[in-house]
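Listed after this line are the structures, all set down as C-alpha cells.
Both of the next two complexes hold chain A, though its partner changes from chain B to chain C.
Moving on to the complex of A and B:
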C-alpha cells in the first residue's frame, strides 16, 4: 500500500512537473531592437545560445526600437500586439510604463539571481528605474575626435569645454539635434558647478544661459539625429569632433580603424533594456519570460560585452567582462573620471518645454 | 540622312572665334580655379589659354593640321592634368583636351551650322545650342545622385566616403565586399526573398483586377463610370501614409496585419491604378467592331477576350504590370505598417539600414535595383514602341 501510494504520488508529481514545464509556450518570438552592431551583440549573446537550447523556437528581430513608443500605442489601439519583447532606452520605458503599455514585473520572480548569490534586485540595484524596465546595459553619450585634425602644437582635446573652444580647436562639431546632454554640457562650460546644473536648467534664465553658450559654436555645429551619423561624419573628416554613443565610436576606432580617439570627459550615462508589452497571450508571455530570465542572467550580460563596448547592467557581470574590452567600457575607472547620469525625472518634467525652446533656437 | 550637310560651312572670323572659345575657357577655368582656391584667376587663365590655343589652331596651323593639333592638345592637357592632380587629374585633363580640341575647330571652322537650316539667324542658332545645353544640364541634375551612388558602392571602406585611394583610382580602394555582404547576409537575403515573393504576387493580382476593371469601365453602358474610376485610382492620389495607417487598423481587426497575404493585398491595391490607366489608354485605340465580328463568328465573350482583345491590349497590360511590380518592389511606407518583421522587404531593410547603420551595402543594393529598374523600363519602352507601330502611329 505504502509503495502504491508513493508511486501514485510520484506519478502525480511527474505529471504536475511536466505540466509545468510544458506549460504552453509559443514557439516563436518577435524581439524588437536597434539593429546594427548592438542588435548583433544581442543576437550572439542572447538569442543564438537560447535557440541552441530550444531548437524549436524561432526568433524574429524587428529593428524598430526607434519608433517603439508610437508603434506600441498603435498596436494597443488596434488590439493587435505583434511584439513580444522590446528594447528601449529608460526614458521610453518610463513613458510606456506610465501609459500602461509595458508590463510591470517582479524582479525576484522574473529575473535570475546573480552568480555571486545576490538577489536580482540587489544585483541590478538602482538601474531598475521603472517597475516595467529590465535593464541590460549602461552606455554613454560622449565625444570622439579626429586625431589627424588636431591643430599643430596643441594637445588633443580632453575636456568637455574643448568642444566649446573654437579658437583652440577650429573645425566642425557634430551634436545631437535635441537639448538633452547639450544643455548640460553648455552650462558646465559656462561656469556652472556640476551639482547645480539641473537647478540652473530648471529656470528660464538658466535655459537661456545654456542656449547662449551653444550660440557661441552654433555656426560650427552639424546636427545629427541617428546614431550612425557622427561615425559617418568623423570618417569623412566632415567634423573634427562629435558626440554619439560610445559603442559607435568603439566600432569606428577599433573595427573600422579610423583615426579617431575618445574623449570621455563629462560622458552621460544612460540605460538600455527590455520591456514586455502588456496584453500578450499566455503562451507568448510564458515564452518571453523564459527568454528574459535566460538573457539577463549574469553570464549572458557579461557575454554581450565581448561584442560591444557597453557595460553590463548587473554588478555581478562586471568581473566577467574580458580584459581587453574593459578599457573601452564607459564604466572603466580610467574613463569614468567625470560622468553624468541621465536625469530621468528632470527630463520627464521639463522635456517638452525645453524641446520647444531648443527647436525655436535652432530655427533662428 | 543623318550626315547630310544642310548649310555650307565657312571659316569664321577671328573676332568671333577667339571670344567664343575664350568664354568657354573662362567657364571651365571658373570651376578649376575655384577648386584650386581662386575662381577669378581661373577665369582669366582659362580665357587666355583657350583664346591663345584657338589663335594657334586657326592662324598658325590651319585646317590641314587639325589632326596633329588635336593630338597635341590632348597630350598637353593629359600631362598638365597629371602634373597637377595625379591620376584623377590625368583623366580630367584628357577629357578637357579632347573636348576643347574639338570645340576650337567646331567654332573656328563654322561647323556648328552644318546641320542646321541655312536660313536660321545667329540668334536662332545660339538658342538651338543653348537649348541643348539646358536640356543636358537638367539631365545631369537628375542623374547625378545615381551616378554618385554607383562608384561609392564599390568602396572598400565601411562609410559613404570617397577615400583618397578611390580618387587615385588605386585598385586597393575598390572592393566588392558590400555586394558580397548583400549576397551572404541573412537579413538582406530574407528581405530579397520577401520582396521577390510579395512583388510578383501583388503584380498578378493588380494586373488581373486592373485589366478587368479597365475593360469594364471602357464599356459605354456602365453607370457611374467616372465615380468608380476615381475611387479605383484614389490609392495613387491619397498620400501613402494615410492609406497605410487606414490599412493598418483595418487589417489588424480582420487578422491580416503581419501576414504575407495582407502585404500582397495592400500592394495590389496600390498597383491597380497603374494597370487601369495603362490599359484604359490602350483600349482607346482598340476597335470595338473586332469584338462584334468575333461574336458574329460564334465566339463567346471569354474566347473573344483571350483570342482577340487580349493580344491587342497586351502591351498596355504588360507595362501596367511592370509599374505595379516596381510600386510593390520599391514600397516602404505601407509595408512598415501592414507587415511585421517577418515580411521585411528590401526597401524596408534599406530604410532601417540607412537610419541605424550607414553601410555601403545599401548602395550596393541600390545599384543592383537601379540596374533592375533600367531593364524593366527598357522593356516598357520597347513595348510602347511596338504598340505604336502596331497601331500605325509611327513609321518605326
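Moving on to the complex of A and C:
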C-alpha cells in the first residue's frame, strides 16, 4: 500500500516536473558491464554525471557482460527481463539481434546528434554494425611484450610475424583460446595477403594452413581465456609476449609500470557498446532511452577516454580526447599503421565450424 | 479359515473380523491410521519436495529435453518443410517451384516477425553459412513482392492503401467496429474476422492477410485501417487472380478487384525460384535444402550425433572428419582424470582421516579446522594460488632452481596441463574424501586393532586384515562424492588445465554461454548424466551401495 502510494507520488512528481508531454520513467536502472577498470570508466563518465542531474534515479551495476548472451536468452525464455542496458562486444550484439533478444532502434531518434553538427548516423558511421547496436568505444586486441626478455643484440619485436618466430624470439607466448584473430594472424604470417585472409580462411585448406602455422609455435603457447590472464602472465614473466585488449596492456605499462611494451602491428579492432533488451516495460524503456541519449553524446564518449585507453566511437569525440591519452589509443595514427577490423559476418557464419576444428586441434 | 473357528459358537464374530472401538474392522482402521501418518509425513516434506521439483528437477528435465527438440525449423518454415517432405535429396535436383513459393511465404512472415535470424543461427550449427543466408535473405526478400506490388499500385493507387484492403478482406461487421475503435478509449482492438467466402475466393491472399492482420494487431498493436498490407499479400493476390475466377464476386471493392483480375494476365512476373536466386545464390545450393530437409522434423537426433563426433547425412549417421572430432577424446579424458583425482584423494586423504580419528580430541579439532579451512576460501582464490605455486616462474620452480635441483633454463612445466588440473582438483576435493572417511573410521573401535596385535598380528597385518576392511565403506562414499564432483567440474580445469587438462564440462560451459548451442550442450550433459548413472549402477553391482557409509 505504502509502496503503491510512493509509486503514485513519484509518478505524479515526475509528470509534474517534466511537463505534460513527458513519458513516465522508471527511477531505477540495472546496467550490465564487464567490471574492472572498464566499468569504472563508464561509471565516472556516464552514470555519475547522469545521477547528478537526476538525483531520484538509482543505478545498479551488474558485472555479467561475459555471459550476457546466455543470460539474456534465459531471461527472455523466463519472460522476466531484469536488465535495462547491457554492454556487449559487437559480435554478441549481432547474435542478440539475430535472436530477437536485443531491440532494434533508430539512431536519429535515440542518439543525440554530434557536437560538430553531424547526424548521429554519420557520426557513428560504419561502427553501427547491427540494427540493435549502440557503439561506445573502439578497442583492439594486440600484443605486448616484456622488454627485459628481448634477447641481447636483437631488435625488439615489432611485426606480427615475430610472434611466430621462436628462433629469433625464444620464449612463451600467450594467445587467446579461440580461433578468432589467431587464425588471421597465422595466415598473415604464412604468406597470405591481408586482403585475401578471409577468402583463404573460408576454405578447408585455408583453415588447415592456419592451424599448421599455429602448430609451429603450439609448444610455446599458453592459452588464455580471460582478459586478465595475459597481463598477469606478462607481469610474472611467464610469457615473453601475449595478446590481449589494449586497455589491459595500458594499465600494465602505465599504471603498474611493468617492463612491458606495445606491439601494435596487425592489431584487430573491435567494438564495445550498448544493447537494450527487448520486452522492457514502457517506463523502464523510457528511462533507458533517456540515459543512452545522454551517455552516448559527443562529450560523454570523449570523457570516458580520460579514464581508459579506448577510442570513442563517435568521430566528433576524437578531437576532445586528452592529449596525453592519444598516444595510447589504438586509433592513433602512429599505432594504426597496420590494422584489422573484426570480420563480424565471416565469424557469424564460420565460428561454429572453425571453432570445432580449432578445439580439436588444441586438444591433441 | 480353519475348521476349529468355523465350529465356534454361533453368534460370535469371526476372528478375522476383529473390530476397532469405532466398529470398523481393525485392519481397515490400522491401514487408515498408517495412511494418515504417511500423508502427514508427505505433507511435512511437501514444501521441500515441491521446491526440489520446481527449481531443480523440472529445469534440468527441460534442459535435457532440448537435446532432441528441433521444432524451430518446422515452426518458422511450416509451408516449406511440409512441401519439402516429398523431395528426394538423392536425385541431386533442386526442389520444385512449390517449395520455393512456400519458402518465400514462410521467410517473409518470419522476417516480419524477426524470427528468421534465429532459425539461421540454429541451422548454422549444422551448415556453415546459414546464419548470413537467413539474415541477408530477410533483408532482400521485399524485391520479389515489389515486382507485383508496383504493378498493382500502377493499376490503382488504392492497392497501396490500408482501408480498401481492410474492406475487401474483412467481415463488414468487424470493419464497422474497427473503424469506430480508438486507441484513446483504452479498449481492446476488435480481432480481425475474415469476410465470408474470401478464403475460397482468394485463398492465398486470405491466408497472408490474416497473418498480416494478426501480426499488426497483436505484435505491433496497430490498426488495420491504417496499416497497408505487406507486399507479400500483393504477391498472393497476383497468384490467386491468375488461378481463380472472381467474376461472381459482388462484395466491397468488387470493381477494384475485377479491374485487377482483368489486368494481371499482362503483368510481368518472376518465378519464386528466380526470385530466391536473386536474393541469395545459396538458395540454389543443394546442400542448403538437404540441411533444411534433414532438420525438418520436430525432434532430432542431430545433437546427440554431434555429441559423439558424428553427423547426420542423407545416407544416415557418419563420423565427422578426424580434424573435427573432439567429444570422444574429452569424455575419455574426463573419465581418466576424474579417476586419477579420486585415486590421489584416497592416497592423501586416508592417512589424514586416520590421524583425525585417532588423535586426542584437542589436536583432532585443530586438524579438522585445517581440513575445513579450504572450504571457507573462495574456489577462485585457491585455484589462482595453485597458479602462483606451479607456474614456471612460480614458488616451487624458484625453490627448485635455488636448491640447484633444476636448471634455470628448463624449469618444470607443472601447470596448464593435466598435472596442474589433477593437483589443483585433488586439493579442492580432498575434504570430500576426508570427511566420510573420518566419520567411518570414528566408528571403528580401537580395541579391534589392539586385539589383533595381542593375538600376534604384525602392525601391517592388523591394519590390512582388521582395520582397512572396516574403513572400505568410507572409501566408497568418498570416492563416489569425489568422482561425481570432479566429473562435472569446469572452473578449475579452465584456469589451470591449459589445452590437455580440460574436461567435457568446459565444452558444455562453452556451448551454454558462448556458442549458444544449448541443444548440443544438453546432449553432452545427458550423456554425462547417463555415464554417471551407469557407473553408479556398476558400483552398486560390484561393491554394493549398502556398503557405502557416510558415518
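Here is the rule we use: the second predicted complex is superposed on the first by the 342 of 364 C-alpha atoms of A that agree within 3 Å, B and C clash if a C-alpha of one lies under 4 Å from a C-alpha of the other, contacts with A are read in each partner's own complex, and residues count from 1 in each chain.
One rule holds in what follows: a contact is a pair of C-beta atoms (placed from the backbone, for glycine too) under 8 Å apart; a residue touches a chain by one contact, two chains touch by 3 or more.
The structure displayed is predicted, hence computed values, not measured ones.
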{"item": "First (chain B), second (chain C), both or neither touched by A:48", "value": "neither"}
{"item": "Which superposed partner A:231 touches (first chain B, second chain C, both, neither)", "value": "first"}
{"item": "First, second, both or neither for A:70, with chain B first and chain C second", "value": "second"}
{"item": "Touching partner for A:78 - first (chain B), second (chain C), both, neither", "value": "first"}
{"item": "Partner chain in contact with A:256 - chain B first, chain C second, else both or neither", "value": "first"}
{"item": "Touching partner for A:61 - first (chain B), second (chain C), both, neither", "value": "first"}
{"item": "Between chain B and chain C, more extensive residue contact with chain A", "value": "C"}
{"item": "Partner chain(s) touched by A:36 [first = chain B, second = chain C, both, neither]", "value": "first"}
{"item": "Overlapping contact positions on chain A, where the chain C interface meets the chain B interface", "value": "66, 236"}
{"item": "Chain C-touching residues of chain A, taken from the complex the two chains share", "value": "66-67, 69-70, 73, 95, 97-100, 172, 177, 208, 222-223, 225, 236-238, 345, 348-353, 355-357, 359-364"}
{"item": "In the complex with chain A, residue positions of chain B that touch it", "value": "157-161, 248-249, 252-253, 257-258, 340-342, 344, 352-353, 355-358"}
{"item": "Chain C residues within the chain A interface of the complex", "value": "114-115, 117-118, 120-121, 124-125, 128-132, 135, 323-326, 329-330, 333, 391-394, 416, 494, 498-500, 502, 507, 512-517"}
{"item": "Partner chain B, residues of chain A touching it in the complex", "value": "30, 32, 34-37, 60-64, 66, 74-75, 77-80, 82, 226-229, 231-232, 235-236, 256"}
